[in-house]
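This is the structure I want to talk about, given as structure tokens.
A, B, C and D label the chains in the order they appear, each numbered from 1.
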Amino acid sequence: MFTTRIQLTLSLTVATLVASACMPMSKKVGMDYPALVQDDVTTFQAFFEKRFPDTEKADYINGVYSIDADARSQWESLEEFPPYELSVDQGKALYETPFANGSSYATCFGDGAVRSQYPYYDEDRAMVITLELAINECRTANGEKVLKYKKGDLAKVSAYMSFVSRGQAINVDVASEGAYNAYMDGKEFFYSKRGQFNISCADCHMRATGFYLRADVPSPGLGQTSHFPTFRTKWDALGTLHRRYGGCNENIRAKAFSAQSPEYRNLEYFQTVMSNGLVFNGPGSRK
Amino acid sequence: MNQSRRQFMTRVGKSVAFLVAVVNLPRVVWANWSASAFGATDLDTAIVERYGNLAIADSDAIQLKAPSIAEHGAVVPISIATTLAAKSISVFVEKNPSPLSCSFNIQPKMNTDVSVRIRMGATSNLIVLVEADGKLYRTSQEVKVTIGGCGG
Amino acid sequence: MKVKASARNGSVVVKTLLAHPMETGRRKDGDGKLIPGHYITEVEANHNGERVFHCELGPSVSKDPYLAFSFQGGNSGETFTMSWVDNKGENESTEVEIR
Amino acid sequence: MININTLLSSLVLSLMLALSGLASAAEATNATQMIAEAEVMNKAAGEIGYEWRDTASYIADAKKALADGQEDQAYQLANEAYEQAKLALEQGKLMRENWQQYIPM
């Protein structure tokens, strides 16, 4: 089980041979996008089913703990008093505090249990809208300044909204050409090797998941976006999915993109689509 | 109240949930802390400072639950249970700068089943000593602590 | 201090998280100066005037110490007291309702 | 257990092998020129989204060394940055064309 060792030169040859047969046909009008995407979802989820036959599909929302019993028992012990609990309380307080103009987050999001409405592709604006982006847009629409995207108050509000949305099904639609292009952009990001280490998301979270990479078992790529924001022991704080993306990219010695950049929003879109059929269970706690 | 009352009050704000009331300082004499044992910098000294020269025997009447590989050295969850008539239970991490981590003094109505989260600076033996019948009973386990990597 | 206590099979099962930095005295701040040790040294619980839990802690217990234990007696609806003190003499005490 | 160091060096090595000869070497003869070339190359890698993590700090270090009068060290640092940026650009071009071939089965 060591496909990552494939020499790039070799892959390059293979690539040239089959490239013409497999090049994306994504830009054509009138294609059955939901069917194309469903094929990808099925293939992607089957990869993990084959790799971890003992793991229930629904359990992938628990990340690496779905495949590592020793780590799981430590995590379960930590969840006795989840380290994000205080942040959720603070997020609730922020959520309920009125803005200067008298409205509040509830004006935009009702009771806040809207996690499963994000991310989605906004046809008018031709871009993916994430929950964190929507939170800040709610603020600016009400005359408040934007919050930082990686941690702090925005992560807390997002954590609260995720908490009250726990159990909502992940079911992201990709129904238009624009949506499909954003999806394909995220897909390309996920499978492209980058950085000085020449590693893709898929190298760690598909090929190497379940194996040790130095001291760590990379989590399965399936279910990764279900449990953010996440409180990491390493951060000693709550962080958003895009903060984690930035950390991952730096680990492979690639320059990270900004949180809520088109690259990371499209990656979140693709990854969430891949987890269709699971449920949102954020906020999470991780090492 | 004295100065600690003020510090105490600042902490009250941080306490949430589950609490029905905050009461006055208890009628407790805080004078039991084994400073010399907690200050010891090697395992043998720490044990002697804590327990004198009681005989030590390995025992399988102590159940120690600890990870084989710690997720993070800053938070290593451990649980200890024993059927011995324990007077105290102490946790030592051999390679920590101060090996004695914590010590439970068993009270008449207290069950001998405890959990705690400790720090481990490096891969090390975790040693649990149970004091019972004027002797020390021991169980131990290695816990690997890794650094670096990308964090799952 | 967060405490969850529930009566179960004649015992009260207690899980508690004590908000405390647990500074080891070995860490350095941004200027390279040692941050003085600041850690909880003792934790205890009292029920009906009787001590039912006592633990001595060193600085190698994790930040925001988590402790779980159980004691005999005590019924749902009753209360007991959880208290801690640290090496600077700061302390906190809380009355907890058993569920 | 996968040894990632072996893995990484094999990957980086194979990347370098794959790319050697594809890009022309820098023609700079002094540190100032080398820094300028590294900046151009790194900008090109960044424009397609493939800038590496440390390249910009090598360039910054090179500038600092140059300002301190350490011409040789500045040249070395800028050269390292240039080589990194060159590989990053080639990596990006390669991936943009061929990423579909890297989907694990």
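The definition used in the following text is that contacts are C-beta pairs under 8 Å (C-beta built on N, C-alpha and C of every residue); 3 or more make two chains touch, one makes a residue touch a chain.
Everything numeric in this text was worked out from a predicted model, so none of it was measured.
A.B. asks: When B-C is set beside A-B, which has more C-beta pairs in contact?
C.D. replies: Comparing B-C with A-B, the pair joined by more C-beta contacts is B-C.
A.B. asks: Could you please state the distance in Å, as a whole number, between where the Cα atoms of chain B are centred and where those of chain C are centred?
C.D. replies: Their C-alpha centroids are separated by 12 Å.
A.B. asks: When the centre of a chain is set as the mean of its C-alpha atoms, what distance in Å lies between chain A and chain B?
C.D. replies: 38
A.B. asks: Would you kindly tell me how far, in whole Å, the mean C-alpha position of chain D lies from that of chain C?
C.D. replies: 53
A.B. asks: Hunt down the residues of chain A that sit against at least two other chains at once, touch-wise.
C.D. replies: Residues 213-214 of chain A touch two or more partner chains.
A.B. asks: Counting only residues that touch at least two other chains, what does the list for chain B look like?
C.D. replies: If we look for residues of chain B contacting two or more partner chains, we find 16-17, 74-77, 79, 115, 117.
A.B. asks: Which residue numbers or ranges of chain C touch two or more of the other chains?
C.D. replies: Within chain C, the residues that touch at least two other chains are 2, 15, 63, 66, 68.
A.B. asks: Taking all chains into account, which pairs touch?
C.D. replies: Once each pair is checked, the touching ones are A-B, A-C, A-D, B-C.
A.B. asks: Mind listing the chain C positions that touch chain A in their complex?
C.D. replies: Listed in rising order, the residues are 2, 15, 17, 63, 66, 68.
A.B. asks: Along chain A, where are the residues that touch chain C in the complex?
C.D. replies: The touching residues are 80-81, 85, 236.
A.B. asks: Quick one: which bits of chain D touch chain A in the complex? Just the residue numbers, please.
C.D. replies: Residues 1-2, 4-5, 7-8, 10-12, 14-15, 17-18, 46, 49-56, 84, 87-88, 91-92, 94-105 of chain D touch chain A in their complex.
A.B. asks: Flag every residue of chain C that touches chain B in the complex, lowest number first.
C.D. replies: 1-4, 11, 15, 19, 24, 26, 41-42, 44, 46-47, 50-63, 65-73, 79, 81, 83, 85, 89-97
A.B. asks: Can you name the residues of chain A that touch chain B in the complex?
C.D. replies: Residue positions touching the partner: 63-64, 70-71, 73-75, 77-78, 86, 89, 204, 213-219, 232-234, 247-248, 251, 286-287.
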